[in-house]
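One chain, subunit A, appears in both complexes that follow, with subunit B as partner in the first and subunit C in the second.
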Partner chain A sequence: MPFRGLLSLLLVFGVLIGTAIGMLAQADPTTITDDQVMDVARSLYCPVCPNEPLDTCQTEACYRWREDIRQQLAAGRTHDQIIADFVARYGERASAVPLDPTLNALSLVTPFVIAAIALALGAVVVLRWRRRQPLSVAVSSSPMPADASAYRARLEEDVRS
Partner chain B sequence: MSDLDFLQEFRPDPAASGRRRLSAGTIVLLAGILSVVVVIGIAFVRSQQGRPESGMAPDFTLTTFDGQQIRLSDLRGQVVVLNFWASWCAPCREEAPALQSIWENYRDRGVLVLGVAYADDPDDSRAFNAEFGLTYPSGPDIGTVISKDQYHITGVPETFIIDRNGEIVTFIFSTITEPQIRAILDPLLVGEAST
Partner chain C sequence: MLAEVGLIALALAFASSVYAAVVSLIGARQHRTVWVDSARNAALLTFPLLALSSAALLIALVTEQYQIAYVWQVTNPTTPTFFRITALWGSQQGSLLFWCLLMSLFAFVALLVNWRAHHRLIPYFITYSMVTLAFFIGLVVFMENPFARYWIVPDATAADGVRVVYGVFIPANATAPDPVRLAETARGLNPLLRHFGMIIHPPMLYLGFVGFLIPFAFAMAALASGDLSTGWIRAARRWTLVAWLFLSLGLLLGGRWAYDVLGWGGYWGWDPVENAAFIPWLVGTAFLHSVMIQEKRGMLKVWNMVLIIFTFSAVIFGTFATRSGLVDSVHSFAQSAIGTPMFLFWAGVTLISTALIVRRRQQGALQSEQAFAGLLSRESLFVLNNVVFIALALAIFWGSFGAPIVSELFLNTDITLGPDYFNTVTVPLFLVMYVLMGVAPLSAWGAVSGRSLGRAMIVPGAAALAGVALCYLLGVRGAGALFGFGIVIFAGAVAVFEIARGAAARQRAMHENPLLATVRIFTRNRRRYGGFIIHLGITIIGIGVIGSTLFQQETQRTLAPGATLSFAGYEMTFNDVQTGQIADDGRVMDITRLTVSRDGQTLATIRPRHDVYPTSPDQTAIAMNIPGVYGTLENDFYVLLVGLQPDGSATFKVYVNPLINFVWWGGLVLIFGTIVAAWPHEGQQAPARLRRSAAAGPPKGHATA
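Right, the complex of A and B next:
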């Protein structure tokens, strides 16, 4: 009997602790700071204005979406979960970055690749330009080869006639 | 020094004879130019995919807030007033009573008002419908597929009027008014009835 009583007490205690943890996990939306909301909003775009990030947009639609983010943060959702939820509801165009890992990696790497190619191209052009400069002087001052005399004589004769 | 000295510059160079090969730098440069042209081309093609203002209305299936499934192509034989809206949109509030009035007055004449909620929280959409007493079918555009991928709307409200054959008759970019919709529907219904 005392064992069953103890078991019941433990059960009640467990339920109470579980409820408390649940309540703590679902925080009050008012405790979520604007910075937390904006951190997520930066990864989303306004549904109406073209190319306007959600964190800077001042329309009613954006205000509501930011409140939605606040509610979801309060419910304990992570940044990625919230973005995924918005994309599921409003399409991939709501997200500021591609969700596909390959496209995401490409979008990060491509600018650096283009910059590297441009630098390499610039270096090649400069090197060639520097190499050609003395060469052109040498060419202009070089005497005509011996076998050109016959060619020149013939040309001069043609011009005179 | 002869006057013809300049000719040495034009002498054929045996080393340069034959077809010149492109250097690696030139190939990279050409590839870069080609990439830019392709990107501009894709952007141009996308910009041409504007909203359909005539011809067959793109087909879609909408699940309304009541759970009813409506397929546009199943509505052939009815005139459809397809309205894109959102609860956060102020002009949508202005036109909501007009749409409800059109629905009440024309539903028996074969006109269906169909609302597609764009980028809106479903709870907010339902509250909007309740606030204005809207009874015509309306539903959320999940993933904005209908509004953006098919009808290419640029904002809300936007309204398409589709005839009994499923063809877009009129596109209205801004807030609609009841007389404006009546002026479009009346001749359309008369014309349709006589055929």
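Right, the complex of A and C next:
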């Protein structure tokens, strides 16, 4: 019986300590600055407005969402956790860049792949042209010949009225 | 009466454009000059008819004819006369009519200017331009008619025995609604549009968009007629430059409007509708460079066709995206039924154009006349520059439309790609663009050695290094920023260097003073030296973009009256606030007064304010935060009033935007350069290669389609 009493006492003490630690960890929301809130809001989009970043949206709903961010920061949640929470609640469109790995890869990798393909095609076309036709080295009247005096002569001819 | 006049003129313009398109095609195919003349006259007629129709709507807006639904939607009795005029393009129907008017104006001028010089192309030019115009007029007539009116008709099922209907034609037994009641309930212009930037931003953008119709129609005319010599290039190039000028102006004014009105401290938010206007600008820029290769070397004939068609296709797609409700944006019009026909038109234009190119290519009519002589030649560098522009256009298209649409269609997930995506993807490409902007003018057409190109880069390269050193001395830190500034300065230094070299050469050759020599090189070769001014403008814009993007500082604070905030070297004192101030147009303003000082010296008093526009009970109130700005060449101290607290304190969002004014000044330089490059030159001759080609006539074996 004394053992059970001691155990109960310890349990109560433990709960009290835990609550105190939790309260200490949860900062007063008024200590969270607007700049901290905006730092997170900048990575989010208003879930209801047309393509409006959350840090600049002026609707009442967005003021409330920014307060929500403040509360979450006060509760000790990180930037990424808050973004994940918004995405969980409002879908991927709430984030400025998709969190889902497939969507993220689809979004960010595709343009580089397109650019690489375009570059490769351009290179192939240029090389094919060079192979197919005899070189015509008909240099035009534009600048950049082999030596500066020749360049000057052509430029002077070009600018002479 | 006004509605009837506008409607009849609109219907006649539609009939006239259809007639011109059909008759010019028949005339071209059957070689009937009289038919082509008749088609030209009908095409010319579309402009005065659309001007009459637009004038009718304008008079209705100014004289408060609220029975016309469009007038009721975009104005109300408090709307100032000036904004009544700009309300012509304030909503879908009016802006579509205005779009048609500008398109017909371009076709009108192009026909008058090019009629004699390009008579082989003109019949097909009329066909393609008038088909496009007829499509847009058709949208106005049949789907988005700005002359539809409200009527009251008997209805036994309604509580009061009548109901209000909306239509172009007068219904049976209809009576006109009470004008007083209509005036009381009229909605008024969207407050976002009540800004100088928005007054001229849409017309400039529309001029840029519709202007690309002319080079596109000439390209299509060349493909259809088989006259693929050089005539279409000469006709199209200057029109492309004109369209590009207006599009550049539209983009710049749009950025300025966003900075002044949207209240987020920036000028470019990578919004889908902004991007929809930027994509044709990028492709059009690629075309303006690439077309030089065809003029000088007779190369890239297919590619140039592809580029101009892609540019116009991007214009139509951008219009479709903005006006169909495809994307949500602060810039877009409401959802509309015109989405499907616009999509079909866009797809049709793109497919037909592509098919014509393939056909001509198979016939061998688009073969290059020269081979690429070296990878460092100017034409090779221009090709690389084209790849970069197209990659930029595709990356921006993907982020704005491609990825969101693919994700929604195939993964059932709605996504938004914001500045993080666009900055990651576009910055490397923009840097390559600036490098090429510097190197390509130093190269030459034909064969070039790496050694000679390297020698030509010494002076501008040294200038760029000096610029980087200066940036460092002025306090710029960070390898990325210094690298970016270095590349951008290099591109600008090349432009200055080339102008100086040209002037010096002329000074020596003609024994003129430096100023006269500089003026003369511009008058003699406006295109080349106007191009260098454009490059200089792009350089200045680049400096502004790097400064305002990488070094922007922001904070948000709540201040009690009399309190001072120290931020980024400035002190800002919140003096007082006047709440509930009512402006002439009925908006309710909360105006704060702030003193901005630096090192104890008062610099300015600024008044950031919060405006709320009155709306009818069924509408959501529209609020705007108008910034207070203290601007210098070094930076802008930009303050927004975010909110007023019950205790009298106010919350402010403060931005310091370094070098942001370089963006606007660079824009002005760019516009000046474009005007110089596009300005007609009396007695100007085409390049020698073109003159030879034109004299020889079109290549044999190219039958008329």
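Just so we're on the same page, the second predicted complex is superposed on the first by the 106 of 161 C-alpha atoms of A that agree within 3 Å, B and C clash if a C-alpha of one lies under 4 Å from a C-alpha of the other, contacts with A are read in each partner's own complex, and residues count from 1 in each chain.
Throughout what follows, contacts are C-beta pairs under 8 Å (C-beta built on N, C-alpha and C of every residue); 3 or more make two chains touch, one makes a residue touch a chain.
None of the values given here were measured: they were computed from a predicted structure.
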Touched partner set for A:R89, first subunit B, second subunit C, both or neither: first
Which superposed partner A:Y45 touches (first subunit B, second subunit C, both, neither): second
Contacts of A:L103 with subunit B and subunit C, given as first, second, both or neither: second
Partner chain(s) touched by A:D68 [first = subunit B, second = subunit C, both, neither]: first
Which of subunit B and subunit C A:Q81 touches, first, second, both or neither: neither
Which partner reaches more residues of subunit A (counting touched residues only), subunit B or subunit C: C
Shared subunit A contacts, counted only where both subunit B and subunit C touch the same residue: 63, 91, 93-94, 144, 148, 152, 155-156, 159
Subunit B residues touching subunit A - in the complex, by the definition given at the top: 2, 4, 7-8, 11, 24-25, 28-29, 32, 86, 88-90, 118-119, 121, 124, 140, 142-145, 148-149, 155-156
Subunit C-touching residues of subunit A, taken from the complex the two chains share: 33-35, 37-38, 43, 45, 49-53, 55-56, 58, 63, 91-98, 100, 102-103, 106-108, 110-112, 114-115, 118-119, 122, 126, 129-130, 132-140, 142-148, 152, 155-156, 158-161
Subunit C residues touching subunit A - in the complex, by the definition given at the top: 262-265, 269, 271-272, 296-297, 327-330, 332, 368, 370-373, 375, 378, 380, 383-384, 386-387, 390-391, 394-395, 398-399, 402-403, 406-407, 411, 413-421, 424-425, 429, 442-449, 452-453, 455-456, 498, 501-502, 505-506, 508-510, 517, 520-521, 524-525, 554-558, 623-625, 643, 651
Touching residues on subunit A, where the partner in the complex is subunit B: 47-48, 59-61, 63-64, 68, 88-91, 93-94, 117, 120-121, 124-125, 144, 148, 151-152, 155-156, 159
